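To keep things simple, chains are lettered A, B and C as they appear, and every chain counts its residues starting from 1.
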Amino acid sequence: MHVAEVARALDLLGVFAFAVNGAFTAVEKTRVDIVGILSLGIITALGGGIIRDLCIGSVPPAAFTDRYYLGIAAGGALLAFFVSRLPRLLQRPMLVLDAIGLSVFAVSGAQKALAFGLSPAPAILLGAVTAVGGGTIRDVLIREVPSVLSSGLYAIPAIIGATITVLTVAYDPRLAVWGAVVGAVVCFVIRMLGLRYNVDAPTGLRRGERHG
Amino acid sequence: MHVAEVARALDLLGVFAFAVNGAFTAVEKTRVDIVGILSLGIITALGGGIIRDLCIGSVPPAAFTDRYYLGIAAGGALLAFFVSRLPRLLQRPMLVLDAIGLSVFAVSGAQKALAFGLSPAPAILLGAVTAVGGGTIRDVLIREVPSVLSSGLYAIPAIIGATITVLTVAYDPRLAVWGAVVGAVVCFVIRMLGLRYNVDAPTGLRRGERHG
Amino acid sequence: MHVAEVARALDLLGVFAFAVNGAFTAVEKTRVDIVGILSLGIITALGGGIIRDLCIGSVPPAAFTDRYYLGIAAGGALLAFFVSRLPRLLQRPMLVLDAIGLSVFAVSGAQKALAFGLSPAPAILLGAVTAVGGGTIRDVLIREVPSVLSSGLYAIPAIIGATITVLTVAYDPRLAVWGAVVGAVVCFVIRMLGLRYNVDAPTGLRRGERHG
């Protein structure tokens, strides 16, 4: 299986996971109608990849040229709209979906950036941006503090997953598929462990907290 | 009249309408000086088109290459700044201006996306993004909930207008001008009817609302 | 010294100043961990330039192709993270750093836009966008009203500095380096005077303020 196909397959899995998650978050956190829910689901699903594609010069972005992206995003968001009318069995699956989207976008974003000729460090950064970008735009629109700023281990697993992918490709390009799979799994595991044990990253001291 | 000229003429009408509307909204909703008012007017007027142009690969965006865009946006915002010192006769004209901007941008955005080779579905999406993008950026900057999420029929008429345009072109490219005019008029009428009768789109159920 | 080198040197100075300032602002204004602080520092430092580069078609943006950008941004943000644990000696240096970033980005942004073939007015606008863009994204993410909207003389000195640069190049391209230096110095002085004497730009009248 070619690495570009792997990246696309991972991307589409992430699109679905983030569309469901984004739409569901919209229903939970704010008062929006079905258009708002669909919009927020689609933005969460496609936003990170669009930013990545604009930055690497892959224009028009895959979200607009590959019909599966928009179709899957809209389908996932619609599904979430109807599921949102069921009782609240869904908090844990939502976190799992979010972690899946985070993991596969970190990896596919980094691989696509490498494929467009970027160096390792920017590729890792763009992998992380792909992973957290859509959710950040959603959070800004519904006026929540973005997860990437507020919740403990969110960007860190994405950066680790992207780094594993990029280093694997640097070591031997033929291992790209394995690098993607291992990177995504490691990102997913760290994210879930962080949620399970409520791990936080160190913070800076603010004025009010400096004791006498 | 060539379709590109029609799209540009509609675009410039939308730029003026949104610049006045954006600047006036800035004065109404927040405490900003003349620079902020001009900035918000220009961003409302040009933001949606810039996002569209970046996504379809029309770089630099028309906003930076066609001098009428920036000139009309700045002029409209300045006009609104001075008009804002008059008494409040202006609420209804503001809603009309906003509906005009919404309608013409939905149509011109979809047509430009088609002209750059995008498929019908992404072209419709980008028409809607062109229509609601500038106002959404403005609302984020002044920390309001974006209209596209909060107000009943806002994105829906834009999507309908863009769809009419795109389907007309798909049926017969020679009808593009008619498709643009009909699409814009239908969008405008639906938006005004929605305002008149205060129509809302269906919403998702949130937890607190689920009955015992 | 070639004008492109001058623009790059100024850009890198601005990247460092804004990275420190952005990270420090993050610590002061909100509750974020080290990842959030680094993210906000890097976004403040690189955001304006990325918007500029996307708009002029310099893709991938310099932030992703020139390794000094990301390295200096990350280094500056890390430095600010550790410095934030010291007592508050730092308010004045922060404002100076912000004024430095504003000044050099206004000038380097306008020059790069000219170098990519944009006309004077859009080049001035993009200079100002480069100068205020990163800080505006940061403020949106931490849910502050952007400085460009709320604080007296912020965008105006950037526009003046960019205008001086652009007019100098229009008069004689061989004077580009001088135009950059004079533009940056004038912008810096106006910004600092505005802070010193607390100058505000004129505002629009809002309803509540219209007297009887």
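The rule is simple: a contact is a pair of C-beta atoms (placed from the backbone, for glycine too) under 8 Å apart; a residue touches a chain by one contact, two chains touch by 3 or more.
Note that the coordinates shown come from a computational prediction; the quantities given were computed from them, not determined experimentally.
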(request) Report same or different for the chain A and chain B interface, where same means the shared residue numbers exceed half of all residue numbers found there. (result) different
(request) Fit chain A onto chain C over the CA trace and report the rotation angle, somewhere between 0 and 180 degrees, nearest 5. (result) 120
(message) From the mean C-alpha coordinate of chain A to that of chain B, what's the distance rounded to whole Å?
(response) 29
(message) Please output the residue numbers of chain A that touch at least 2 other chains, ranges allowed.
(response) 54, 59, 140, 143
(message) Quick check on the complex: what are the chain B residues that touch chain A?
(response) 54-57, 59, 116, 118-119, 121-122, 125-126, 136, 140, 143, 145-146, 148-150, 152, 154-156, 200-207, 210
(request) Sort out for me which residues of chain C touch chain A in the complex. (result) 26-28, 30-37, 39-40, 50, 54, 59-61, 63-65, 67, 70-71, 81, 84-85, 87-88, 140-143
